[in-house]
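Across the two complexes that follow, chain A remains constant while its partner is chain B and subsequently chain C.
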Partner chain A sequence: MWAMMLQSRQGRAFLDPRTKMLLVITITSIVIGGGNGGAMNIIKPVLTAVPFLLFVVERKWKTAMTYVAVYIAAFSGELFLVPITRGFLNFIVVACCGMFSRFMPGIAMGSYLVSTTTVSEFMAAMERLGLPQKLTIPLSVMFRFFPTVGEEYSAIGDAMRMRGIHFGGGKPGKMLEYRMVPLMISCVKIGDELSAAALTRGLGASVKRTNICRIGFGVFDVLVMLICILGFCILIGNKCLG
Partner chain B sequence: MKQKIQPKDLITVGVFLAIMFIVCMGVAMLGYIPIFIPLLSVLVPLIGGIPFMLFLTKARKFGMVLIMSVMIGLVVGLMGMGVWVIATAPISGILAEIILKSGGYGSVKKSIFSYGVFSTWVIGNYIPIVVTRDNYFSMLVSGYGQEYAETLMGYIPDWSLIPLLFASFLSGILGALIGRELLKKHFVRAGIA
Partner chain C sequence: MIELKNVSFFYTGEQADAGVKDISLVFEEGKVVLLCGKSGCGKTTLTRLINGLIPHYYEGTLTGNVVVNGYLVADTALYKMAGIVGSVFQNPRSQFFNVDTDSELAFACENMGMPEEEVRRRMEYAVEELELGSLLGRSIFELSGGEKQKIACGSVSTLEPEVFVLDEPTSNLDMEGIALLKKVVAYWKANGKTVIIAEHRLNFLADLADRVIYLEDGKIAGDYDGVTFFGQQVSFYRDRGLRSPYLKDIWRQERYMPHLKDFCSLQGFYYSYGKPGSVLDIPKAEIPLGHVVAVVGKNGAGKTTLIRSICGLLKHDKGILGIRRKKLKARERLSICYMVMQDVNHQLFTESVLDEVLLSMGQKDQATAEWILDSLDLLEFKDMHPMSLSGGQKQRVAIASALTSDREIIVLDEPTSGLDFLHMQQVAEGIRTLQDKNRTIFIVTHDPEFIAACCTDILLMERGKLREQYPLDSEGMGKLKIFYGI
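Now for the complex of A and B:
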């Protein structure tokens, strides 16, 4: 059924990029910094479930399952292990479980935004928001670049491991140099190529750019936005009352 | 050098933003161990100095550092680290920009000083801990338990904001010096600085 609904929208993404951005902001600010108690105990699980549902809709089964498994592990760790441990062990449990259960939803949502939005769609959405080019260009380059930096980093890591340079081998200062320098050199080179490519395609030309991406709000966008607005109302209410 | 910012410069800002962000995020993950939270004000500027010094060799127009700081503030702020950064990052950014401009974007000393000033943006992350202390404390207790909250609060007394400010400034200078060394050692020779 989902597949048919997706196809009936003729190539348009399931959610508008603007809705996805709103979701990222909502999830990070409420799940990471929102506090507990009251209606928070309802809105937090709802928001936590959102990335899972989105992964399912996009039929990324593996990602969805990993997300659920890690989240359940972290959450049950927080629920059962934290009260029974003390001292240093307690810190480690709190650190690990707290980090996963708080940051996982935000990270999952962010990766959903990056993996399901093309740069053109992103640019089109930002343009519709009326943001100036001075903000939209760096932001979209940054989104385009996150996966690249990650890839380069792991490639450099492989090369280092092959030559027997790894963490725990002493000399943290040297480690930093060995990793940062190649990473930055390759990123700068890729950046130069990227900017040459973007300029040939008329980025920043004095005329208004057109875009073939179809973006716009649908039923699901409205639904998601309502959840986000509700979340922020609860957040503000909580801050004022408590 | 009176030139307007070109799209190419904006792309450069985006590229370095991604590098800075990933590097700083990697370091900031250490913040889950309570003792590392005050230490982050030293570590983040220290590590960030390397990409930033390389960025400065490409930023020779008024506004690039400012845009960088605005974007850092927005991204970090919206990622849930508190809204204060959205205000503190542009302030330190514009000060850093003015210092750079006074040196004509070429002076090495000015650019090192400028990164020290730029680094003070991290202070925005600590303002909520001090200003709305009770609120923050109760949030920590409900989220992480009494023990964690008390340890963290013990490390950050009210007066600590000013030493933290200086610490971030000094480690920024140090980070810039390291970055400068690496720049001379590798990047100039490789022909990209």
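Now for the complex of A and C:
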């Protein structure tokens, strides 16, 4: 009876993990470093909209809305505030808005990749790409680690707030140290225990790993990949033409 | 059969006393064996010698032989050992490689490269045998502690090993979680598996363990059959620094309860994590100032949410805490409360123990700081880096900085999980010191022995609501025992 459940659970995700990884690479390279003008004016907004659409598909309404709001704020800041400000203020506005409008899409796409892909799917994707085990294991440990680092980071933040250590407390230099030292120590400890547990469950055996999760390309994957390829063509075209 | 012959092991670069010395033991098939002793007695090391993490993962010098079912552990690769010995660990946060239950159950078999149908057959079998059906398809993060340990057991039993080793599996579990784990161990025993458990909490093994090995400083200091060991007087366990296996024997330490007319009041403590249904729903409550309040209840009853709310750590928190005619909103509470977290590694920031204590003082006063360190047996470590101390010492450093912080309300989250009797007593002593300095203390705990040692009041929570509140007098103690079913 559980067999049925186990089978049906393994239904395919909306996008293949490989497609998501390609999207992360495409969005970061084109939106951050793509330049302006010509076809870029079309492909950049399209790529910027992709994370939003994906969040909507996954029904993560709140994330989708926050993403749109911040992006619009940054973009309109660049458009309207930059021409009317001067001096230091102008510098701040340019820096903030520029950073947000360029980095947001990449970061959003990255967080979509991490939050919608299971470690097992990620491993399957890497194996299908033909990467050797020496590379897939460390990378998937890293992938497994993102949410843990986030958890630790916020717990340490709580502890700092409670002890009254915050910006404006007089020691901005110490801030980084106070946060990073406990974070690194607990991450090392968790990493150590995680490796021990994984090894006792046979990770790293010299046989070829099986993977029971189903990954594969569908219509949407093809569509997304076409957009990515198109984006890169335009990027390369632009760079070559000057 | 497992055989250890003159085995000694010393870790590289760690304190010399953490290893084991000259251990010779034979474990017969189909028995449940309990390894017990104080922290640092070597029981965890012994489990690692059996599952192969020593010498294949932890570095050190090993002499003597460990043979498990005919395999010499030192010469058998870890992935081969995986099929012979299944391992369950203490910390649920760090023993799952996957973040969803299905993949975790499949993980070990996948690593062995079994064909897909075989993996599914074995998963199905484990799900049926260990009753994991309701846990399928869930995220690891949304499971309770007991459920996580069940999945951990399931994920190692898919390889159908003959031996299981469990290293302090109940540290983070409530009574219900322990009961779940106990069922699994009983099932393994009934199926002729050998189960070796290193534990501080002995209670749940009283009718399961066939044999008990007591370790002291890395050596075997006692080898009993289960019936003899669990038939002893309380003093037997006390003398050996062990937790009492019979919770009904615990007695209440007479505590001074200041009869102040002052209360701190909680008003409108409602909270929900974005989803419908509140996890915290306390319209009004009053807590006498200067008391030590144990917050008890099942996992998921809202205990942690309550103390986070008291400390002002929740976002969009509308609750008001009244204390000495002041009405404090969440943000204002951050500066009158101090929380000693479950994982103290999160809250030690500085380079020396003394700095750590001074950091939380308004007026830096070294003499007072040293006096407080002395009262917690920490003075000799004052120049050491807090992170280089042992777990129990780190926790006392956190308690010391709570003491110096001049905060009126001190909150502790599960301060005794995984502590032996002696260290539990030390924490209780620390709490009493705090109370003597007129602090009001909230403690979230699953540990009745600890509650009896230092608490004065009980707050019982159920599904986010305050179900009952009573002083821990002799009548209250009776109620508490009923709650714990002892």
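Definition applied: the second predicted complex is superposed on the first by the 225 of 242 C-alpha atoms of A that agree within 3 Å, B and C clash if a C-alpha of one lies under 4 Å from a C-alpha of the other, contacts with A are read in each partner's own complex, and residues count from 1 in each chain.
By our rule, a contact is a pair of C-beta atoms (placed from the backbone, for glycine too) under 8 Å apart; a residue touches a chain by one contact, two chains touch by 3 or more.
Values in this document were obtained by computation on a predicted structure and should not be read as measured data.
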Margin query: Just to be sure I read the superposition right, which of the two partners does A:207 touch: chain B = first, chain C = second, or both, or neither?
Written below: second
Checklist line | chain B versus chain C as contact partner of A:99, first or second or both or neither | finding: first
Note to self: Touch test for A:119: chain B only (first), chain C only (second), both, or neither?
What the structure shows: second
Note to self: Once chain A of both complexes is superposed, is A:25 in touch with chain B (first), chain C (second), both, or neither?
What the structure shows: first
Next item on the list: Have a look at where A:218 lands relative to chain B and chain C in the superposition and call it first, second, both or neither.
Entry: neither
Note to self: Contact-wise, after the overlay, does A:158 reach chain B, chain C, both or neither (first, second, both, neither)?
What the structure shows: second
Notebook entry, point to check: Touching A:185, do we find chain B (first), chain C (second), both, or neither?
Noted result: both
Notebook entry, point to check: Of the two partner chains, chain B (first) and chain C (second), which one does A:198 touch, if any: first, second, both, or neither?
Noted result: both
Checklist line | Footprint overlap on chain A, where chain B in one structure and chain C in the other make contact | finding: 144, 148, 177, 181, 185, 189-190, 194-195, 198-199, 203-204
Next item on the list: State the interface residues of chain C toward chain A in the complex, per the touch definition above.
Entry: 51-53, 56-58, 77-79, 81-83, 85-87, 89, 91, 93-100, 102-103, 106-116, 119-120, 123-124, 127-128, 133, 136-137, 141, 155-156, 159, 308, 311, 313, 334-335, 337-339, 341, 343, 345-350, 359-360, 387, 401, 405
Check: Can you list the chain B residues touching chain A in their complex?
Finding: 5-8, 10-15, 17-19, 21-23, 29, 32-34, 47, 50-51, 54, 63, 67-68, 70-71, 75, 78-82, 135, 138-139, 142-145, 147-148, 151, 182, 186-187, 190, 192
Note to self: Show me the residue ranges of chain A that touch chain C in the complex, using the header's touch definition.
What the structure shows: 2-3, 5-7, 9-10, 118-120, 144, 147-148, 152, 155-156, 158-165, 177-178, 181-182, 185-186, 189-190, 193-213
Item checked: chain A - residues contacting chain B, complex -> 24-25, 28-29, 31-33, 35-37, 82, 86, 90-91, 94-96, 98-99, 102, 106, 133-135, 137-142, 144-146, 148-150, 153, 176-177, 180-181, 183-185, 187-191, 194-195, 198-199, 203-204, 239, 242
